[in-house]
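Letters are used for the chains, namely A, B, C, D, E and F, taken in the order the chains are written, and counting of residues starts over at 1 for each.
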Amino acid sequence: MTIRADGRQADQLRTITIEKGWSAQAEGSALISFGSTKVLCTASFTNGVPRWLTGKGKGWVTAEYAMLPRATNSRNDRESVKGRIGGRTHEISRLIGRSLRAVVDTKALGENTIVLDCDVLQADGGTRTAAITGAYVALAQSIEWGRENGFIGKKAVPLTDSVSAVSVGIIDGEPMLDLAYVEDVRAETDMNVVVTGTGEFVEVQGTAEGAPFDRDELNALLDLAVGGAVDLSRFQREALGL
Amino acid sequence: MTIRADGRQADQLRTITIEKGWSAQAEGSALISFGSTKVLCTASFTNGVPRWLTGKGKGWVTAEYAMLPRATNSRNDRESVKGRIGGRTHEISRLIGRSLRAVVDTKALGENTIVLDCDVLQADGGTRTAAITGAYVALAQSIEWGRENGFIGKKAVPLTDSVSAVSVGIIDGEPMLDLAYVEDVRAETDMNVVVTGTGEFVEVQGTAEGAPFDRDELNALLDLAVGGAVDLSRFQREALGL
Amino acid sequence: MTIRADGRQADQLRTITIEKGWSAQAEGSALISFGSTKVLCTASFTNGVPRWLTGKGKGWVTAEYAMLPRATNSRNDRESVKGRIGGRTHEISRLIGRSLRAVVDTKALGENTIVLDCDVLQADGGTRTAAITGAYVALAQSIEWGRENGFIGKKAVPLTDSVSAVSVGIIDGEPMLDLAYVEDVRAETDMNVVVTGTGEFVEVQGTAEGAPFDRDELNALLDLAVGGAVDLSRFQREALGL
Amino acid sequence: MTIRADGRQADQLRTITIEKGWSAQAEGSALISFGSTKVLCTASFTNGVPRWLTGKGKGWVTAEYAMLPRATNSRNDRESVKGRIGGRTHEISRLIGRSLRAVVDTKALGENTIVLDCDVLQADGGTRTAAITGAYVALAQSIEWGRENGFIGKKAVPLTDSVSAVSVGIIDGEPMLDLAYVEDVRAETDMNVVVTGTGEFVEVQGTAEGAPFDRDELNALLDLAVGGAVDLSRFQREALGL
Amino acid sequence: MTIRADGRQADQLRTITIEKGWSAQAEGSALISFGSTKVLCTASFTNGVPRWLTGKGKGWVTAEYAMLPRATNSRNDRESVKGRIGGRTHEISRLIGRSLRAVVDTKALGENTIVLDCDVLQADGGTRTAAITGAYVALAQSIEWGRENGFIGKKAVPLTDSVSAVSVGIIDGEPMLDLAYVEDVRAETDMNVVVTGTGEFVEVQGTAEGAPFDRDELNALLDLAVGGAVDLSRFQREALGL
Amino acid sequence: MTIRADGRQADQLRTITIEKGWSAQAEGSALISFGSTKVLCTASFTNGVPRWLTGKGKGWVTAEYAMLPRATNSRNDRESVKGRIGGRTHEISRLIGRSLRAVVDTKALGENTIVLDCDVLQADGGTRTAAITGAYVALAQSIEWGRENGFIGKKAVPLTDSVSAVSVGIIDGEPMLDLAYVEDVRAETDMNVVVTGTGEFVEVQGTAEGAPFDRDELNALLDLAVGGAVDLSRFQREALGL
């Protein structure tokens, strides 16, 4: 098996750290690192729901993703300065929101809204997967906050499962787990997989960057991702003290 | 096997029509229908490339997707009036562009730019897959235009394969091909699959709308999609007179 | 009399076709052609009026005009991408709205709103006049829909007259009716005239593109326009089956 | 003949004043009043032309119209605050530009650009016609500035004629000249007419606000407008000291 | 003491004129000149307050500052055309609003809103200080209008003091009062001071444009500003006929 | 002397920490804390200058300030989502830029550009002063990077001094240093003072939030600020290892 630039094996995650409660202001938060990729995830809990959902007895969970201008190797203009949000930002924000909603029972959440903000402080590949993985921790913490503050019933179970995400890709013909930026740009196929704690799929997004991929390659990538998700799920439980 | 609302079987496409050259103005065009979904795809061929690509001997292919305000059952505000493009529009435009670039040899295309515009005139589910399938036809026509007008070499082969797309989903536990709108809103899992003429994957985007999905369900959906793509590929060849 | 590039005489319209009910989704619709100019007009009927009109017992009719990016000979950037609507688009949208409101009795319409969307699929001169002429058909169809669905009284007469529009211009000193694009760019004077079915004026917009024009020229142009409007009015009645 | 609210006769202009050179900063300027309507017109002369016109030996004249937020009886939000320019503003800016270009020989102007800014300080009807009439004076002054500063040839004649504009309308069935705001809102038909110093038409824009109008009414309005333009033309010459 | 370019002494204001009630439309207005700097200030009084302030028994005063495109020596693009308000405009609008609110007792004002629009017609340095000084006069006039029209109690005292502003700066080492544009661009330090009629500070904004400044220089500048404010306060009283 | 909520004395700074080089990507960076206020400052060094400065042998330093949506106690909408930057953000960005340029010799910097991004990760009052103080450290580090990489001469001295900033205010009549958020909202007068390492002023911005302030109060605040700046300057030197 090929040894990668940073010494990892093909099926090995980078060093993962999750610091729950990093923010003193938010109801839930996590500073998560996938190697050099660092994302600050905060959960803002508010009682009540958007107008279009009022009176249905359901809650709402949504997410926004963004990158600091100098999170990357060269500086990008701020989207606030450009006056519009780019397609990539939109796409990732929507992905994070869908991924989290897949493990939320909005009835059990009650008429409460949780907004997850995932701000990339430093980027080295896999920012969207780190964001999903960290946002789950912030979400879980904020739900406990809601329970302690009486907005969620004592016995309600708003989280039906946990959720994490990891990237996989094919580089020089070999499937690899959790790509760093230098690997990501070289990958022929790039896939982001969102997996529940019980090992089912929430999202599978595979893209042929170079040549199209066949069924065998797809299967090999999914195997790697499911394996990585087992580890990420464990790191989440540890961070949450479960 | 369940009979669907419109009488189709689970593995059956809707009626597909592709009218090549619908537009008198564009270098390539196709009006494509997937049942009641109608998308007008035009290809605008221009000699030269964006500044960031100049002098590299490569061409560029990109796409923009949009929907007329009353393509849907109730009217949506125009994005031009709102002053910003929504996340869904961005996401689909990017998907169409990536899908087409996957079958383009930009060196063989030479320093030419082709912009695909996919405007949904009527929407009944599957607009993005119809757009990709129709845009390929417009692209192929515009490449022939480029060849006839001397912008592309006589023996150059800018298209390495064909490409089409189809949606699949699980409804009431059963995998189904090419979802109409009424099916799409009920689907537990929804997947868009972009497949080359030779049956390889360009994009696989599966989303759990309700419950997460497992490996078996994923496999069943991919089987359906690959089957549908064989038919779509044939319709494309017929439309192009190949 | 000069024979024109397309063989028409100076006082002759291009081939006019009006396909009522082209859209399966809208309450009213028409695909109209003035020669190669094709405009898809849809009417969206909604019960209720904007807040500023509430409780006055009156309805509201408004219009939006737009062009697909490749409706024209070379591609134009989308206004949604530019993030702002151009002056020409605004101007034409307002003209269409005013023209239709001139034949609507808003009291008889009741507290209902009709939005006309006029999207140019292919442009070869006269897009605004085709839009007005087609929008009237969509409007009339949507009013019948409103009546059938109980939103408009059985004996109410919301339409006081019909309305159509046509362009006229002076080319090489000669007044001509219904200019195609190649004629429009050469016209010294260009006029759009909106006329009711009974032959009165709703809008007269004449512009000296080259030299100013005198009273005789103005009169000759108005004569041509009024003649053309008689024919357009007949095509509208035929399309509506009246 | 009816006596109007302000004591004028039907064919009488309001008090017109034109103060040439009001601005100490601009190359040309005029503060013009049509009764209580006050518009500050400035002409900004710059050597050179926009990129798309470079090297053609022609100049460029364009205009921008705007209204101070409290020019009117109740305050309007600033278009800069709303982040977009309204349709009415666009429409009038374009009208002013076209009207002035109709009397400019751009070859004689040489490769120079003149931007006319027409800012309404106080509005009481007829702001666009006052703007055109005043902008002509600012334009003429700036052309003399260009000549004195060596950017325009000593014998060049960039202005082929003068141009002014006036509104006319039908109120209670009677045609009237130069409508004040209280008249404008009551007018059944409203027309803005742009006329050269030699009495030819540059623009004729008539709109039925209430009932459509017939040929006789149109003719009566044009007669009034041509009469008013003779006076405006004289006021312009006096302001310019000709 | 140095004699300045325009013959003034270091501690001398330019010619100040304040024309109360310049606008026929607004509830309060003043056209103010500081030398060649001319600012039109209007106060728009409306009964009621923004939603966030409703029911608190307090009024609201806010301000917007803007410059005509050709107020300055060379033309600036309109912020409405650019689609966004620049930082400088925002900053000055906020400064004017804060300065006026410092002398308003919002309880005594009652639930009324006053918007001050300060539009620079001609700019020659000190536009923000002229705007504050003139806006106070418009504000005072509009409060009297509110009292006369029954929106403010007969004995209420909404204005706790008057307020004016002046710029000071150090040029060639010498502190000077009320800088004209040619002085402003040469100033090493530039300070805007907002002072009440009783001589206390509302805002002190000092900026080192070139070298940093020390405590002695700061003190000398404040002395000058306080002296100038005494005169401005007197001009305001005269304009208001007090 | 009053003991403050957090136990500090009136003239005492909060705990200050400065972590130089926090970011692995930027040429200079510092994570700075003023108590619970945390700002990530990065310096992006690029060879070359904006077009308007080209060929003048001078460099350029500019800054952008922003706040994460949940840096504060309740969530704020992102400015990128709102599509426009607020006045406060603009104002602070400009302040940071001016403050840093006051200690930069742009000739010695050469034709290089340094952009300082100051992103508030957690806000508890004094974010702009923390940003200036931390940005100086990032700036100094990036200049050393430029020197080591040959873009700045070996003996060039682009920094003429250091610069830091601190807030001061009057609470219940007593002047206090370095206000935390709970103090800031209660302050009658609020002042931000930017001071060089040698104790001179770069910016003095004092605002009466409640009652206007007199000369004695101003002097007391300046004394406090100058004292605090001495400490901040020392922390900066320590962080830079000087």
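Following the convention adopted for this analysis, a residue touches a chain if its C-beta (ideal position, glycine included) is under 8 Å from a C-beta of that chain, and two chains touch if they have at least 3 such contacts.
Per UniProt, the chains are A, B, C, D, E, F = Ribonuclease PH.
What you see is a predicted model, and the numbers here were worked out from it, not measured in a lab.
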Neighbouring chains common to subunit A and subunit C, by label: B
Chain-contact steps, minimal, separating subunit D from subunit B: 2
Each chain counted as touching subunit C and subunit E at once: D
Remotest chain, subunit F as reference, centres from CA atoms: C
Rotation, 0 to 180 degrees and nearest 5, that superposes subunit E on copy subunit F via CA atoms: 180
Centre distance in Å when subunit D and subunit F are each reduced to the mean of their C-alpha atoms: 51
Averaged-CA centre spacing for the pair subunit F and subunit C, given as whole angstrom: 59
Rounded Å distance, subunit D centre to subunit E centre (Cα mean): 33
Per-residue multi-chain contacts in subunit F, two or more chains: 83-85
Chain contact graph, described as a line, ring, star, complete graph or other shape: ring
Traversal of the chain ring from subunit E via subunit F: E, F, A, B, C, D
Residues on subunit C engaged by subunit D in the complex (per definition of touch): 84-88, 90-91, 93-94, 98, 102, 161, 191, 196, 198, 200-208, 211-215, 218, 222
Complex contacts: residues of subunit A adjacent to subunit F: 23-26, 29, 36, 40, 42, 44, 46, 64, 66, 68-75, 78-85, 89, 115, 117, 119, 121-123
